[in-house]
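Two complexes follow with chain A in common, the first pairing it with chain B and the second with chain C.
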Partner chain A sequence: MADAVFLAISVLTIGSAIAALEVRSLIYGSISLMGTLGGVAGYFLLLDSPFVAMFQIAVYIGSIAVLILFTVMLVRRQLIFFKVEDKRRRYAGVGLMLILMVALGTIILGSGIKTIQTDASPVNFRTIGEDFLTYYWPALILMALILASSVIGALTLARREDMENEQRTN
Partner chain B sequence: MSNELIDFVIVSIALLAIGIYGVSVKRNAIRMLFAIEIIINAANLNLVAFARYIPNSKGQTFALFSIAIAAAEVAVGLALIIVAYRMYKNIDIAEFRSLKG
Partner chain C sequence: MSAIAPKFRFSYFIKSILDNAFWAVTLFALIGIPIMMVLFFYFNLPVMNDKLTTPYLMLTTIADPSRQIPLLKSLIHTDFFRITAFPGFGFAALLAAATIFIERKMLAKLQLRVGPFYCGKIEGILQLAGDGLKLISKEIIIPAKADKPIFWAAPVLFVATAAAFVALIPVAGGGWVVADIDVGLLAVFAIIGFFPIITVLSAWSANSKFPFIGGIRALHQMISFEIPLILSVLGVVILTGSLNLSEIVQSQIHYWWIVFLPIGAIVFFIAMLAELERIPFDLPEAESEIVAGWLTEFSGMMYGLVQLGSYVKLYAFSALFVVLFLGGWNGPMVWPPFPEEIIKNGITMGPITARFPGLPLLDQQMLNDTLWFVIKTMGVIFMVLLPRGVFPRIRIDLLLHIGWYKLIGLCFVNIFIALGLLYAGVLGPGGIL
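Coming up: the complex of A and B.
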C-alpha cells in the first residue's frame, strides 16, 4: 500500500498536470507544468534514484520550464489567454482519456506485476556513471552531438533574416 | 519500501492519459508541447520504477538519455512555434495550413 508522501506527490503531479492543460492563462499553465515535473522528480526520489531526480530538476525545471516561460512571454497578450476548442472534440478527448485509463488500468491490474515487491538495496549511482563511461560511451557522444545540433537548429530556425538585412543596409 | 510497483505504474498511466487528452483536444501549440512533456515524463517514471523493482541500473541510464533528448526536442519545438507565430501571428495549430493540400 502506498504511503502518505506518495499520495501527496500523486495529488500534486496529477492535479498540476490537469491544471497545466486547463488553466486559462498560459503563464499559469507553464508554472503548473513545473509542478508536474517537480512531482515526477519527487517520485524519482521515492524510487531511490536521486541522480535521475537531480537531473530531472536541473534539466526540466531549470531549463525547459524556463524556456517555455520565455516563449510564452514572447507571444502576444491575447494569445496567452487563447482557448478555442470544439465542444464535441473536447468530450471525445475526455472519453478517450477515461477509456484509456480504464483499459490500461484493468490490463495492468490483471497482470502479474501487482504482486511485485522488492527488498533489494537500491542501485548505487556510481554504477550509472560507470555505465555511461564504459558500455554506453558511443550513446553519450551521440547524445552530445544531438544536443549541440538541436541547439544550432533552434537558433537557425528562430533567426530573423529580415531584421538582419535591415541592420546591414543601415 | 512501502510503495509497490503497481502504484507508480498507475500514476504513469494517469499521466499518459492526461497527455493524450491534451494532444488530441488542444489547439494551442504551446499547450500541445505541455502535453507531450507530460507523456515523456510518464514514460520516464515507468522506466525508473521498473528499474528500481528489478533492480537494475540500466533503466535509470535510459531515463537520463530520455530526459536529455526531451530537452533537445523542446528547444526545436519552441523554435518551430516561434517561426510559425512569426509567419501567421497566431499559435492556433488549425491556422497553420501552408502545407495543407
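Coming up: the complex of A and C.
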C-alpha cells in the first residue's frame, strides 16, 4: 500500500516538476509547481510527520506559489522574457541533472540509509518545539533575527515617500 | 390554456406520473434487485441479531423494521456516512442552505422589506428550492476566450476545498468528526491557503476585466488577513498545548477561551469576515463597482456551486470559531432521554404492538452535544450576517491598513496575555484553574 502511494506521489512530483519547466503557459507552469510542492508534502505525510507536511502545504502552496502566481499575472511576460530556443542548453541541463541524481543516489544508497528501522514511532511535534526552545535556542534566536531584519528591510524598500497620504488625509 | 403546453390536462399529468412510477418499479424489480444481490457480495455486511448478514437477509429488511434499525446503526458508524452525511458535507450543506434563507429574510427585516414571500405560502420557505431549480436548469455559459479547464475546475475545487475544511470540524464528543488528526488546526490553515489560489485562478481564467480585478482584490485581502487569522489562535494553542481540535474543545469544559482571550476572539472574527468576503470586506465581489467581482462570468450551476462553497465555508469558519473560543459542543444536558417504554414495550397502536429492538439510534449525549454545537454555530453565523445589513463597504487601503497594522498588533497583545496567564500559573497545563 505504502509503496503504491509512494510511486503515485513520485510520479506526481517528478511529472509536475518537468511540466513546470516545460509548459509554455506560465500559469500552468505555476500550477504544476504547486503539484510538485504538494507531492513533497505527500512525502512528509508518508514519513509520519504531518506537522511538517501541513507547514509545507501552508507555506509553500499557500504563500509562495500564490506569490509566484500573483507575479506571473501582474507582469506582461513579453517585456521580460524572450524565448531562446536552444536545444543544446536543454540537453546539457538534462544531462547535468542526470549526473547529479546518479551521484546523489549512490551517495545516499551507500550511506547506510537502508538500515534505518521504518517502524519507529513518529516524532511528536511537541518534542520538536521543546528542542527548539532548549537545546537549539541560539539557532532559533538567529533565525528570528534574520527574519525580523528581512521583514524590516522589505518594509524599508517598499516604503514610498513621494506618495504620502494624498488619498487618506481625511 | 398556456402557450407552452397547449394540450395540457391534469389527468395527463397524473397519467404520466403513474406511467413513470410503473416503469421505475418494473425496471427496479427486473434489473435493480439482481444488481443489488450481486453487489452485496462485495460489501462487508454488518452483524445483525448475532447473525452475519447475507445478501438474502439484507433484502428481507425491506419488510422487517426490527432488522432496519441495526442496519441503520451500522450505517451511521461507517466512514461513508461521516463524510457524506452527518459531521461532513450533508450536515454542512443543510446548515448552509438554512443560512442563505435566514440571511435573505433577516436582511429584509432589517431594511423593512418583506424578503422572499410568495414561494411556499409560509414566509417564502420554498424560495431556496426554487432558486436551486432555477440555477440547475439554466444554461452554463463560458466566455469564448476563457481558459476552459481552469474555468470548469474552479467551482468544483472551491466546493471540494470547503468540504475538506468541514471535514476537520468536530461536531460532537465521542469522535463525531470526519478526520480527527493531531495537527488539526495546522491542517485548517493549510486548507484555507487554497482559497486564494482557486479564486485568483478562476478570475484569471475567465479572461475578463471585472473578474480579474475582483480576483486580485480577493488575493490581496485573503493573503493579508491570513496572518492575523493564524496569529489570533496562537493564544488558544499556547493555553491548550494542543493542535487537535477535539482536545481544544475538551479543554473548555469549565470555561470558554473567549473569557480569557477576548482580543484574540475579536481579531479572529474580523479576519474571518475578511476571509469570507462578507460585508464590510466584500471588495472582491463589490456589486456596485465591479459587477460581481470574480463571480461575474459564472452562470447557471457553476455560480450555484461557488455560492454553495462559500456558504459551506461560512459554516466551517463559524464552527471553527465555536470550537476555538466558544467551547464547542460543551453545554448543560437539555436533551430529553429516549423514552424507556418504547425500548421495553414497543409502540402499541390498538391491537398492534410494534417492537423495535436496538433503539435508541443515537445516544443522548451525542444529540445534546450536536444541539449545543448547532445553537452556538447559528449564533456565530447570525453575527457574521448582521454587518451586511448595517455597514457600508470599506476602502481597500483602509482594509489593508487594518489587516497589517492594527490586527497584527492586537494579535501580539493577545499572545502576551496568553503567555502571561500561562507563566503566572493561572491557566494552561498545570495551572490553578
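The criterion applied here is as follows: the second predicted complex is superposed on the first by the 126 of 170 C-alpha atoms of A that agree within 3 Å, B and C clash if a C-alpha of one lies under 4 Å from a C-alpha of the other, contacts with A are read in each partner's own complex, and residues count from 1 in each chain.
One rule holds for everything that comes next: a contact is a pair of C-beta atoms (placed from the backbone, for glycine too) under 8 Å apart; a residue touches a chain by one contact, two chains touch by 3 or more.
Computed from a predicted structure; not experimentally measured.
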Which of chain B and chain C A:Ser63 touches, first, second, both or neither: both
Chain B versus chain C as contact partner of A:Ile152, first or second or both or neither: neither
First, second, both or neither for A:Phe55, with chain B first and chain C second: both
Touched partner set for A:Ile27, first chain B, second chain C, both or neither: second
Which of chain B and chain C A:Val11 touches, first, second, both or neither: neither
Touched partner set for A:Met73, first chain B, second chain C, both or neither: second
Which superposed partner A:Ala139 touches (first chain B, second chain C, both, neither): first
Overlap of the chain B and chain C footprints on chain A, listed as residue numbers: 51, 55, 63, 74, 125
Of chain C, residues touching chain A in the complex: 147, 150, 181-183, 186-187, 189-190, 192-194, 196-197, 200-201, 204, 212, 216, 219, 223, 226, 241, 243, 397-398
Interface residues, chain A side, partner chain B - complex: 1-3, 6, 10, 13-14, 17-18, 20-21, 26, 29-30, 33, 36-37, 40, 43-44, 46-49, 51-52, 55-56, 59-60, 63-64, 67-68, 71-72, 74-76, 79, 82-85, 89-90, 92-94, 96-98, 100-101, 104-105, 108-109, 113-114, 116-125, 127-128, 131-132, 136, 139, 143, 146-147, 150-151, 153-155, 157-158, 160
Touching residues on chain B, where the partner in the complex is chain A: 1-11, 13-22, 24-28, 30-31, 33-35, 37-38, 41, 44-45, 48-49, 51-53, 55-58, 60-61, 63-65, 67-76, 78-83, 85-86, 89-92
Residues on chain A engaged by chain C in the complex (per definition of touch): 27, 31, 34, 50-51, 54-55, 57-58, 61-63, 65-66, 69-70, 73-74, 125-126, 167-168
